[in-house]
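Each of the two complexes below includes chain A, the first together with chain B, the second together with chain C.
Take a look at the complex of A and B:
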């Protein structure tokens, strides 16, 4: 699996208004400018497409930072 | 396992009707310009049709059926079975199909009934009607499918209001011993019953002053119990989880290679969702038509609407292997695989 920094870069590419290098692993993804429920769907779609891991609404509610997302993917992949 | 194979039945004609009135995402004043942009980027929806008070689902289906009778040279008396699939009937009772039987001039010999399903409705309706049509004396069946979804969302609920468009469709199927078989794979999961729901107004919570009282549920989401409620994230998760295996199992059952399918017509839920499903199955984009950008999510009408507005010329000229996939409220979902040849398709009808 790709490392955490690579994951942050890939996630940045998914959002229209996010500049490259502006997000860090400990950034709260909900604080991305104009974050909305549509962004949550974009995150679910991206993770499903990239890792074949399907996050639930509950999974997302339990996360805050991009590192949390990365950790939950790793956990699900190792199951 | 609800795998079905139906022989001797073909799709003969298809028509769709929408109201003239257009509502555009960029005019939805309940959300900011920035939110409008993100909404259209994700869902694909630029505009949709919204029926005025006096137009119901049955009126749109009626107009579609009238035009289709004309374009296929069908007399109303020839219809043996009339099936109305909708979640926006004219009344609690009687069934809307029976009102339409009389209004369309179909005979008293017609078998007419309703099915209450949404996004999966076209596939379910087609499976039920085509199976019935295999009765020895049946010749023609009329499937009326659609919704006036705009009757239920609250204007101040950004998670539902800008998503849904109104449409009604009519499909004629008929007996043809030379027709290739149709295949279906139908599924249900009541665990998701609360993900898309109108809580108030049924017999569980009858309509009252209480059910119309608006409450702030989340930022940008204010609605009453008689309004539509949608858990977008759960529905998104459900669709990514279930659609692909349902489609692949049907192809296996029918013994058809995915590359030999000419068109994949999916329920128009949300562009991001449909594109994710498409990419998961590695289907080229030119095989997946869309109508969501101009008409929004049109519930059970979305599959026929997409055929009429997206691939009309292709379906009416040559033989195509077409896969239809509907998924959503219930949860209920299903896929149909059929050969479509020389289908009569009416021009999109608009009423005011």
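Take a look at the complex of A and C:
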């Protein structure tokens, strides 16, 4: 598994209007410019694609920051 | 009064029979006098359905319809049929940019391939009686897609076209094929969508329904009509069940 900072960079790369280096682990991903239900779908699919981990809507609702996302992926991978 | 609006003396196969629309279809058609063959992946759940409806359920077929061989075996084991209601299906929203053949396959196999092979196999094994009525469950999203619907909406559009081909290829035996196309219905799939979506976006969607969102029973009632002899002149068509949500579109 990649480290947290690399995860932030990868996620950053998935969104059009996000400048490189602008997101931090403690950034709230919901504050990404133009965040919408489509972006939530993109996050779920990106994580499924990259790490073979499927997040539910409930998982997503329980998270706020990118670090939270990273933690939940790790938790699921370790199960 | 003699009415064609009943299912007495009809034997009907229902796939996806253990939950959602499929379960309601079993319940409704049993009330209308049909004998039912139920299919689902989970034997325990099938037994539960059998327990609820007793002798009206004449056969249980625990098969995974994403597997061609299993469909073949289901068709071999099935008794002769006067109706088929193919309810098995999945929703798996996914943005286009992450789709690949494997991901597409997950939805297409169950929502589309299984329908084609099921009808083909039932026919080859001579299980479809003259005058059989086939009903597929589509969705208004076949024509009115949603973001993330590249797999689901497309699979339902394919299913709708397939139903017309069935109607053409089998009309000489008076076998009919039709589609019901519901908008949002309160099923476990809906519960899952509601759970995944934010509350505001779900409420905004529900507000678009002049008659509110549907119950599985509303869909089953249309299916009863399509299975009965009351619809003997109806084939290759579609009944849209949307509580008025497409009015004005």
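The rule is short, and it goes like this: the second predicted complex is superposed on the first by the 79 of 79 C-alpha atoms of A that agree within 3 Å, B and C clash if a C-alpha of one lies under 4 Å from a C-alpha of the other, contacts with A are read in each partner's own complex, and residues count from 1 in each chain.
Heads up, the rule we're going with is that contacts are C-beta pairs under 8 Å (C-beta built on N, C-alpha and C of every residue); 3 or more make two chains touch, one makes a residue touch a chain.
All values derive from a computational prediction rather than experimental measurement.
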| item | value |
| --- | --- |
| Which partner reaches more residues of chain A (counting touched residues only), chain B or chain C | B |
| Which superposed partner A:54 touches (first chain B, second chain C, both, neither) | first |
| Contacts of A:34 with chain B and chain C, given as first, second, both or neither | first |
| Partner chain(s) touched by A:18 [first = chain B, second = chain C, both, neither] | neither |
| Partner chain in contact with A:42 - chain B first, chain C second, else both or neither | both |
| Chain B/chain C common contact set on chain A | 37-38, 40-42, 45, 48-49, 56-57, 60 |
| Chain A residues within the chain C interface of the complex | 37-38, 40-42, 45-46, 48-49, 56-58, 60 |
| Chain C - residues contacting chain A, complex | 93-95, 97-98, 147-148, 192, 195-198, 201 |
| Chain A-facing residues of chain B, complex | 34-35, 38-39, 41-43, 159, 231-234, 236-237, 240-241, 270, 272-273, 275-276, 279-280 |
| Residue ranges of chain A in contact with chain B within the complex | 16, 34, 36-42, 44-45, 48-49, 54-57, 60 |
